[in-house]
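Each chain gets a letter, A, B, C, D, E, F, G and H, in the order it is written, and its residues are counted from 1.
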Amino acid sequence: MSGAVVDVDEKRCKGCGICLTLCPRRVFNPDERGKVKVSRPERCTGCLICDNLCPDLAITVHRAKEGREGGRVRPPAV
Amino acid sequence: MSGAVVDVDEKRCKGCGICLTLCPRRVFNPDERGKVKVSRPERCTGCLICDNLCPDLAITVHRAKEGREGGRVRPPAV
Amino acid sequence: MNENARLMQGNEAVVEAACAAGLKFFAGYPITPATDIAEMAAVLMPKAGGVFVQMEDEIASMAAVIGASLTGAKAMTATSGPGFSLMQENIGFAAMAEVPCVIVDVQRLGPSTGIATAPAQGDVMQVRWGTHGDHPVVALAPAGVAETYDLTVKAFNLAESLRTPVVLLLDEVVAHMREGVVVPDAGALVVRERRRPPGGPAYRALGDGVPAVPDFGSGGAVHVTGLVHDERGLPSNDRQVADALIRRLHDKVQRAAGEFTFTNSWFLEDADVAVVAYGSVVRAAHRAVVLAREKGLRAGLLQLQTIWPFPAAAVASLGRRVSRVIVPEMNLGQLVGEVERVVRGQTDVIPLSGLAGRLFTPDEILNEIIRRGKSARAVPGSGLRAYRGR
Amino acid sequence: MNENARLMQGNEAVVEAACAAGLKFFAGYPITPATDIAEMAAVLMPKAGGVFVQMEDEIASMAAVIGASLTGAKAMTATSGPGFSLMQENIGFAAMAEVPCVIVDVQRLGPSTGIATAPAQGDVMQVRWGTHGDHPVVALAPAGVAETYDLTVKAFNLAESLRTPVVLLLDEVVAHMREGVVVPDAGALVVRERRRPPGGPAYRALGDGVPAVPDFGSGGAVHVTGLVHDERGLPSNDRQVADALIRRLHDKVQRAAGEFTFTNSWFLEDADVAVVAYGSVVRAAHRAVVLAREKGLRAGLLQLQTIWPFPAAAVASLGRRVSRVIVPEMNLGQLVGEVERVVRGQTDVIPLSGLAGRLFTPDEILNEIIRRGKSARAVPGSGLRAYRGR
Amino acid sequence: MEKRQEICLSGSGGQGIILAGQVLAEAALKSGWYVVQTQSYGPEARGGATKAEVILSDAPVDYPMVTAADLLLAMNQESCDRYLAGVKNNGTVIVDSTNVSHTPPTPTRLVSLPLTAVAREELGKEMFANMVALGVITSLTGEISLREAENALLTRVPPATTEANRKAFWLGVQLANRLV
Amino acid sequence: MEKRQEICLSGSGGQGIILAGQVLAEAALKSGWYVVQTQSYGPEARGGATKAEVILSDAPVDYPMVTAADLLLAMNQESCDRYLAGVKNNGTVIVDSTNVSHTPPTPTRLVSLPLTAVAREELGKEMFANMVALGVITSLTGEISLREAENALLTRVPPATTEANRKAFWLGVQLANRLV
Amino acid sequence: MQEVLEEYLRQDMMPHMWCAGCGNGIVLHSLIRALHDLALEKEKVVVVAGIGCAGRAAGYLNLDTLHSTHGRALAFATGVKLANPDLTVVVLMGDGDATAIGGNHLIHAARRDIDLTAIVFNNSIYGMTGGQQSPLTPQKSIATTAPGGTTQRPFDLPQLARGAGAGFVGRSTTFHHQLMTRLIGDGITHPGFALVEAITYCPTAFGRQNKMGSPVEGLRWQRDHFVEINKFLSLPEEDKKGKEPMGQFHPAKGPAWPH
Amino acid sequence: MQEVLEEYLRQDMMPHMWCAGCGNGIVLHSLIRALHDLALEKEKVVVVAGIGCAGRAAGYLNLDTLHSTHGRALAFATGVKLANPDLTVVVLMGDGDATAIGGNHLIHAARRDIDLTAIVFNNSIYGMTGGQQSPLTPQKSIATTAPGGTTQRPFDLPQLARGAGAGFVGRSTTFHHQLMTRLIGDGITHPGFALVEAITYCPTAFGRQNKMGSPVEGLRWQRDHFVEINKFLSLPEEDKKGKEPMGQFHPAKGPAWPH
């Protein structure tokens, strides 16, 4: 069971390929319109790479326990 | 006998007092019009302090041997 | 004169009046003959609980003034020709983003470095057209020290109520002359504040065409930009938005212009020859007109305190009444072009150009009043005429 | 069309023509919609044995151009509104110190940042009055690509022969349109060089009012300054020297103006309504006039290629012949003020203002030709009129 | 009477519309026409709709913009929707059927061709669709020398792609010929 | 008729001419006059000739410059030579005889006083000569309150020098009184 | 629960105008995170920006924002801060904006040491105008105004800022977004002038001309090219080649002005 | 025999306009000596200056001279040098001229490393306009725009120039005129951008307000306050207080541009 729920705001996504390539779990797939979709949500570990590096602020990773209402996963303050 | 001949261009001199104060041999004296005159020419050693530091480029120190035609005393190239 | 009057220099009156009008921020860069203004502001601002800052150049000065004004502070800078040229880009920003501010330009003889200490009125057209693109401008030009005080207060009031940059255009004669000024009591002074926002989009114009943009720090989350922008202040590439915005910027000034078209006139009722003048030249022109009247000539004088928007109505009504209009200026003939634009065909317009780096003498103007004919003139001895070629 | 024609963009024609005219130095700073000029200069200058340098800003670009020109190199920069505003101080220097140079201003919609890609003609008055103090200006505005080539060469010739900055005023439509240009053979092109000094004081004016200042490096030991200066180029505080110098700067341009007042006219012989236009608007106006003629209306067109000095004589002669003059401009009404100045009282002057960030359509002008009455107009749908308040 | 042809090429940002316009203009110029070519990038700074206009005439061209198009190329749905109304009643509209699914009713002659599909299938890359379109247009107008168009094309496309572009062009010409 | 007095103070850079002009103007203002004071620094940027002009009137002053002086103060030779001709025929010229050796012939009333010498001898410093002159002028014009002049002076000179300046002023008043 | 990120974004302006893969969005995200971590009162935060792709960032932030003129952001910001010292002022600039036309305001802000936090979006190029060289374009890179590769030497931005007196100088890449967030936060906390150089990849105007590849390749280049400063300093000289330091360069020092 | 000095002076312009005791004349003298020592062809030397008392120096030199606009001298000079690389170009600026309004051109000239020699006449004040603070006015000094003493921190000019990439940076005072002559000469010889900070005393606009005394006292202050850099570095920390280093600060390095 994965640790997080990941959402892509398709109005924002420009299909740059960053999440696609950098997600260690290959959670994303390109869609026909040149954007990405979450195709393997269950594999997401909540590592936040995609959330942090999406240049279009299009990805939100939620804590799985609380689901989409549970707020965004936050990287630890460093 | 001194080593040099010193001239003050009175059109240029503004009487700032630099030569007056810094000449180690007290060669200069103030004149009535707020400028300086060479009052003890024979004491000049050609040290060039006045020539180099006169802000009005009003002082010329000549080598005494050759007199005023002998050219300006030059500081050694450093 | 009133014994309560204070002897003040023109530049000093600017700062005194600005403080009375609520100045809280001055940013500037030294330049002759405007430097005194910064120097006095450096003394008075801290006392008034305001800020004085000397910036790295005039561009930064104008920028800082805009930044400060956006926090709600009444803000001003002062400069002369070379600095005024450098400020142009940011003055255009202030016009576009509707940021209230006052810019003092103490004119000196140009172009370029020219003669820093010589009086001139060579920036009159630059005030109107100095920055790129269609932009609105308000400019006031006093003829004396008390007027400087008065117009400085008005400049702030206009800047705040119209949310637009206002230029106070001094010439070196006015800037450095000393006269008695009866400083009004704080209560007697009309001081206007910018309108505080009623809510709604930050850049939505209210009835008078002026928006009420929230101050920074007041929770408005406002966006301020020099790009074409919509009512929310957000950038727009929509050509209709652009058209409406730029027209509104002009229109808000134009609509209110009736309230601030300040002019004075002397002996115009029955005048046959009118002199139109502004700045210190008014002082010479007044004397010339008095002398002309003593000689039995029907001369009159129209003073323009408001230079921009150009007081077209006042000048036009003149055009219908007199047979000659003489426009003496300490330049090659600048504002005379506007006079021509307005009255050409109705009356003869005669530019009188003085570039000699000094105020006209009354006689120079008087001679022109006396002289018949309508060709362009220059002050005697200068050989050439006022420049008509533009 | 001639099959030897090359398809060129307006901005490209500037660079090609500049090279043909002998350009040896280009300094610039990127800005839409002028950037292509710098980019092409970066390619072509090295090939032509010249120098391209991207400077830190537009102020430095203008400064470098002046410095380079003083060594004898033909020099140019190119910019758009915001950069043009920044260049003003140094343009004034070039005028005062009589340094030949060409400045290209590709106008975009302002004020301030405005819309960088939208066409406009909002800098027309700034070109004349942008820098402080009385200064002379020469400005040319082409309506198409071949004209751009032609006027660029002429701009260099004028800069060199008058020793004054010349502004080539493009609008975005002309800058980015592509048309065929028949490039003249090197031999066929009239290219002027600045006069080389005959000895004597560096700034002594010769018969035509233009001095022959020795190039740096040629042994002239010349002093170049933006201060008022005498015939030797040395600074002077003498008010008579100032007066004579500033008048001469204007006079040299004015005297030669007859030779470079470039205008074109169509159907004016029997015209009752005349359109006066410049830049790309000429193209729409021409079509409008042709359509009007097809409808039997006696419309004609006067194109101003030379904007400054304003072609007063050509416009004045129009004023005596037609009953209406329509002045369509992609601004709130700028050059129309000059038209009014010249023909007011003789004929009706109707400003037609287009701020929508696009070229007029022929119909918009045609409608104005057809319409009776003389009030100010704006392009349909924009709600407001051309701005008459200045 | 002046013989004037107004051609409007439209599509989205990456489709090479402006290049096609330039090549067309150059070819027309070399074929002896007076030519003006203009372009607009639409309101968006990047991407978005793109339009290139080419006007040919046997006399110098005054108004440089299209007022009523004799020929419209629409390479995507948005531009088809937007520009179709601007075409003359007796004009021609070429739509790229690969990208344009729905063409509003129009009195003009409508030519629907799978330009992008052809490019993809025959040349392996959709980006050559603009040159396929160019072949079609050059052929259909009949006013521009095919040879000059080919030459113009060769000087304006990146050297590495000349062959593919040339091929695309002639594919377009063939497509058009099949229509006639 | 307007009662107008034009006063011109002149000298060299360091002589405190402008300060004297300011004090005079302020004193006149406080005495109920309309006043304008202007100055010019001569062509040289530093040092050189200095001139301060003060105009008093019982009506608002229009033209702010001196056209024909009712009173000229010349504190050095150069200014005497330069400005003497600008004095009205019935005007008064005060020259500082310490610095002005030669006064060209003039139809005006000429008052020659050793202002600088007085300052040097009585106050130890030549720089107070301007206030000696001020005393003379205030006294001679008779239109300005001596008290107001003293007050104006006290607010405008550096605090450390108030006493000496005050003394200089009254010395000037005495000098003038002796003339009458 | 409302998303923190979304609270800081001006929703009317999204999606933003930046190209697909443009690193500016990552910097924007870091900035938002830093602001949030500091728990500043949003009404008291003002963001001032210059002109360029980077400068557009101001428009995306739901704060008081000032999109000023090209190069002048720090001068505008100086006015904002001096007129109302209660405001936290963050200044966003492109590399051209901050170091070409705006270089003077940069060094003077550093000199005056007013409490401003400047973030320079360094994409090594003029993005907005389509790929001309900037004073931070690495030598020999291709630019449209340097078709044969730039010959002008670039600035070393941290050195420049330190030379001008900046008390806080940091550098991070978008790849190292956590470092970036931290530096921005520390910069804001620093009582005087702080400069953060944010290395960001511009695939359109820099990457394409210089064959730097996709947005992901840009991030990978950042990962491989930049080394934390302390680690960098401990590298043997030969290993430093082709690497650049990042992190906080300079200990905070010097009093804030006015004081 | 014609005097060397007089050959370099524009006789029409003498006496110069500077105040009695103004150090600018001493810098001018040093410059002339340096030019003479280098035996450059006079026709190939161009002097470019900005606006201010210092900038007037150009007018006194019997060479091709360009008295440009305030702050822009280095940008004008860049045009001169690039258009005709055969010319030796020396640039004279005041401290305000070079580092306030002209700061950007200064750092960019240093960055580009074009072969220009810049001499900054540092009199710690705006002389020409009568005594306003400059970015080189020492903190707490009195200026007409800082009547209570300046609160703005000054630049350290050599640090600024080095931070911007200058390959040659020197400083001397007018008292140490021989060092000044040498530094100017070496700066001109240096193949890239060279900066010489010439510390000069302004008795009128700086000295008077700050009670620094007569011109001679100004020179004495210079003598006592500045220490040759190597000696300075070897001083114990407590002895460094109240002293400042002078000499050549930085070994020449970095290639000239374009190359």
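What we mean here is this: contacts are C-beta pairs under 8 Å (C-beta built on N, C-alpha and C of every residue); 3 or more make two chains touch, one makes a residue touch a chain.
Source: prediction; values computed, not measured.
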Between chain D and chain G, the fewest steps along chains that touch one another: 1
Partition of the remaining chains by touching, absent chain A: one piece
From chain G, the most remote chain by mean C-alpha position: F
Chain of greatest Cα-centre distance to chain C: A
Chain pair, B-H or D-E, that carries the greater number of C-beta contacts: B-H
Chain centre separation in whole Å, for chain H relative to chain F (CA means): 42
Centre-to-centre distance between chain G and chain A (centres being mean Cα positions), rounded to whole Å: 26
Distance between chain centroids, defined by C-alpha means - chain A, chain D (Å): 55
CA centroid of chain E to CA centroid of chain H, Å: 63
Per-residue overlap in chain E, given as positions that touch at least 2 other chains: 44-45
Where chain C touches two or more other chains at once, by residue number: 56-57, 59, 82, 89, 93, 112-113, 117, 225-227, 237
Residue ranges of chain D in contact with chain E within the complex: 1, 3, 5, 7, 117, 144, 173, 176-180, 280, 283-284, 286-287, 290, 359, 361-362
Chain C-facing residues of chain F, complex: 22, 25-26, 29-30, 32-39, 41, 45, 60-65, 67
Of all residues in chain B, those that touch chain H in their complex: 11-12, 14-18, 21-22, 52-58, 60, 69-72, 74-75, 77-78
Chain D-facing residues of chain G, complex: 51, 69-71, 100-101, 103, 126, 128-130, 132-133, 135, 144-147, 152
Interface residues, chain G side, partner chain C - complex: 10, 12-13, 42-44, 46, 48, 58-59, 62-69, 72, 75-84, 86-87, 104-105, 108
